[in-house]
Amino acid sequence: MQISGKILYNKELSPDYFRMRIGFQDVVKDIIPGQFIMIRVGDTHDPLLRRPMGIHKVVEDGKGIEILYQVVGKGTFLMSEMRRGDRIDLLGPLGNGFKIDHDMERAIIVAGGIGIAPMMALIEEIKRQGAGEKGQKTKIKVFIGGKTRRDILCVDDLKGLGADVYIATEDGSLGYKGVVTDLLKESITEKDSGFTMFSCGPNAMLKSTTDIALRYNIPCQISLDKRMACGVGACLSCVVKVESLSPTPISYSPYKCVCTDGPVFNAVEIVW
Amino acid sequence: MNNPDLSVNIGGIEFKNPVLTASGTFGYGEEYSDYVDLNRLGGIVVKGLSLEPYEGNPPPRIVETPAGMLNSIGLQNIGLNAFITEKMPFLRRYDTRVIVNFFGMTIKQYSEFATKISDVDGVAGLEMNISCPNLDKGGMIFGVDPRLTYKVASAVRKATTLPLIVKLSPNVTDITVIARAAADAGADAVSLINTLLGMAIDIDSRRPKLANITGGLSGPAIRPVALRIVWEAAKTVDLPVIGIGGIMTANDAIEFMIAGAHAVQVGTASFVDPDASIKIVDGIEKYCRDKDLTGVEELVGSLRT
Amino acid sequence: MNNPDLSVNIGGIEFKNPVLTASGTFGYGEEYSDYVDLNRLGGIVVKGLSLEPYEGNPPPRIVETPAGMLNSIGLQNIGLNAFITEKMPFLRRYDTRVIVNFFGMTIKQYSEFATKISDVDGVAGLEMNISCPNLDKGGMIFGVDPRLTYKVASAVRKATTLPLIVKLSPNVTDITVIARAAADAGADAVSLINTLLGMAIDIDSRRPKLANITGGLSGPAIRPVALRIVWEAAKTVDLPVIGIGGIMTANDAIEFMIAGAHAVQVGTASFVDPDASIKIVDGIEKYCRDKDLTGVEELVGSLRT
Amino acid sequence: MQISGKILYNKELSPDYFRMRIGFQDVVKDIIPGQFIMIRVGDTHDPLLRRPMGIHKVVEDGKGIEILYQVVGKGTFLMSEMRRGDRIDLLGPLGNGFKIDHDMERAIIVAGGIGIAPMMALIEEIKRQGAGEKGQKTKIKVFIGGKTRRDILCVDDLKGLGADVYIATEDGSLGYKGVVTDLLKESITEKDSGFTMFSCGPNAMLKSTTDIALRYNIPCQISLDKRMACGVGACLSCVVKVESLSPTPISYSPYKCVCTDGPVFNAVEIVW
């Protein structure tokens, strides 16, 4: 869907990290956590393309959404300059989100830096759908990592949702000193095998997470981040190499599109 | 208020308006059908097909550049058979012209493709992409050599009675000799331009930003070059010309028509705005009305120099 | 902290750093001397000169395009004599290399110019522009034909012992054959790219936006194409290459050096920011320091493919 | 000079017309009316080039300037979005301004639409330099034209400076109905030959004004508007064809640069 949204707020949470809330004219139904939108960042041709952004939160059952983003270049800089009341043009919701087991009892979430963005929506959905009334029985552990304490976002929100939060920073300025997957490795044991894992973050982190998941045989869904042009499966820019798990439908190609086949994949499927 | 006639006839194909979507930027139509009323398009040129499925280049496959983008998709496609069985039934449901863009690595592959597609119901015409490496000639690109262009276009011409559009590469010294070669081979039209060859480097890793090293530049950045090439080709050959390259708005499309294009294709613009092609149709109609033209054909080649 | 060596030697010319201003975009140096400390530049390539003053094309001469501009200045210049008497005295006051860009309409004009400039004090080298129409050959552009390139470059080579840079046109199918022709003719270096040929149309009047109809496209829009062409040329010839085309920042310049350029020229960027070339010098120095390079020469051609 | 100014205000006067005041760190001396600046409208490469803008007013002896501009395309649109406090990068003052006779007694000013912009600075300077103490003896007649009343700017300011203002609009919505040069033609007589004329506006208007000036033998200075890239005489984009009045210096070319030889020219010099 192409939507003209209205910016309800756009505020800096910590240096270079912003949260933007966008309101819609009509309710957008059935947004699945892990899905994303393609944002037009301006009328100029430089930057030219839309920017993919994960859905951070669904607001009032689809009357709007929030995104959480990091300013890393021209496009996100322009986004940071947008103001309350401005119109914003977006395509979405796009892609396949996380699959949540109806009575999933335990979830491990592993996020690196801005990778936490889509995880809030996921956790809220787990709360809604997970085991027990209002998902209160689903135990959620969140491992969250970043370079410094300034890259660790949403901790209070996570705790507010009842999640156990484990923090790692590379410079040790908050929590465990080191990369988050090392913290994960240290914290996880055989008995955690009843968990489902969900992860989003830099590629290296996703790969380590996948290795850990494979070792302990924990089902793991990861959300990938690839450069995109169309977001709808038309241009074939965003491909990732996959193992042929299922033979026929993709028999003609070792590639899948992150935009339409993902961005969430079963971790074992990806060829790193 | 008059109702300008937007229809154009190119090589026997009657398009309801002169706006087509460009190959590789609109998938097989289906991908954009939630965003665009396909019935409103003059035509859809599908993603470039080959006889067999083709896996394309490894990622990363795109880089954004100032007012443009580089792509090295490498012609990934599902192959002729999957297209016929999985994609054509969908496309046949729409009232728009389906143009099949295709390529081969040998002349034989080209003509075989043309033969096989000719019986398929719902295909209005063919667009042959000659900007791919020719395996018989050690990887030289068909479309940069007039003799090869002539040879491969002649072979396809013999293989099919469908209207034949030859899509030309801009990476040549003189487009007119290539366009003439296509005309001599019996093409019904030429379309141009395909992408300009470009490159980008990541200065931290000192590696190319595309796994394939080089890629094709598209988008508004290339428009002035595309327009010049279209003008040169249109002046030279007696065939209808389809203009492509950086067309984002109706104004851009009209520039190409004034330069001599009978129709245009919208590529990269669809990524920026899925609806771009429809807005262009509307904008052309408005322009014709404002200028009191009876139809778009009046525009074609009307440049006053 | 090391102090990286920014100097480069190209065909015997010692530049203090690899950043030159491109011909036609920096006048005769003087025009920008209030804005830029000319002493900080590696070199200045002056506006293209001819034996006699040349009036250039009628206006309008420029059009802005997405991330670029078209120009059809048409080589207006004050001529060799006025340059020597009015401009060189000023340039000699600065500690930077002066490269004289020049052109002719016949081979004879080229070699005569080269002979005459050779005695002029303060000229570090010549850059011959072969992107202009050759009157002897009915207006065909010298630089798109390897034989003509060879012929005119050989003639100039015989006429001067000054370091000779041949500036190549990108409007060719295969830059490597042209670059080789320049090398075979005895050039000391090649610089590239000159502008891409383009065009723009005013849809209200249906006239070209440039009085000359077509013009040369420059600016960031063309950078990916320029970078690819520089890379191809640098791989092919054994001469130093000077990279030009859409360089706006130090990062852009570094891309060209990694692709194989020994130096770069900054053109359109000076219009946007007169100080761009100096910022590029500073940025290259910072990059070398950050990456712990002993000098810029380490960068040249270091692309990892 | 390259100056980083600060926007003191930027306000819409009438639809699509804005006045911007820019403050400087250091006083900019010796700004001559008719000179212009080249403004960088943004960091993006689209639009790429700077935009030339006449100096509308010199503020506090050079502590700042005002410009008056019309939104006609991408660049001026971006200017209209700038806000108080923003930095703005400009080159200037550039070009040759109007030449004012020290004891000029009478001036006719002819402006079309936004062509009024540089005329305010001119009139203020005439007031400073013209005949009599504080130039009060210099009689100033301003002929100002536009498509509709909305294109007629600065009338109160002009009257405040003691000028006689004559207005023409093509649709007759204000003042004389017709083009301003027709009004001028009707108003001017042989006895006006003691005047000096100054004009800025669309080309057709400048040409008519020149014709009238020639007919009555009134000295006339006009400010030309050409597309520019550099603004400093380096690129030769902005040329205009001139009669060779003076032989040698421009003997090599029938062209002069609007940016450095102008934008103000002696009207008789121009080849239309």
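Assorted remarks:
Letters A, B, C and D mark the chains as written, and numbering starts fresh at 1 in each.
FYI, a residue touches a chain if its C-beta (ideal position, glycine included) is under 8 Å from a C-beta of that chain, and two chains touch if they have at least 3 such contacts.
Here the structure is a predicted model, which means the values were calculated and not measured.
Two chain pairs are in question, B-D and C-D; the one with more C-beta pairs in contact is C-D.
The distance from the centre of chain B to the centre of chain D, each centre being the mean of the chain's C-alpha atoms, comes to 47 Å.
With centres defined as mean CA coordinates, chain C is found 34 Å away from chain B.
Between the Cα centres of chain C and chain D there is a gap of 36 Å.
The distance from the centre of chain A to the centre of chain D, each centre being the mean of the chain's C-alpha atoms, comes to 55 Å. For chain C, the set of residues that touch two or more other chains comprises 63, 66-68, 219-221. Under the contact definition stated at the top, the residues of chain A that touch 2 or more other chains are 45-47.
Viewed as a network of touching protein chains, the structure reduces to a complete graph with every chain in contact with every other. Interface of chain C with chain D (complex): residues 24-27, 31-32, 34-35, 47, 53-56, 58-64, 66-69, 71, 73, 76-79, 82, 219-221, 248, 268, 270-275.
Of all residues in chain C, only 66-67, 220 touch chain A in the complex they form. Across the complex, chain A meets chain D through its residues 42, 44-47, 74. For chain C in complex with chain B, the residues that touch the partner chain are 63, 65-68, 70, 144, 171-174, 196-201, 203, 205-208, 213-214, 217, 219-225, 227-228, 231, 246, 251, 254-255, 258-259, 287, 302-305. The touching residues of chain D, when paired with chain C in their complex, are 1-2, 40, 45-50, 89, 91, 226-230, 232-241, 251-255, 260.
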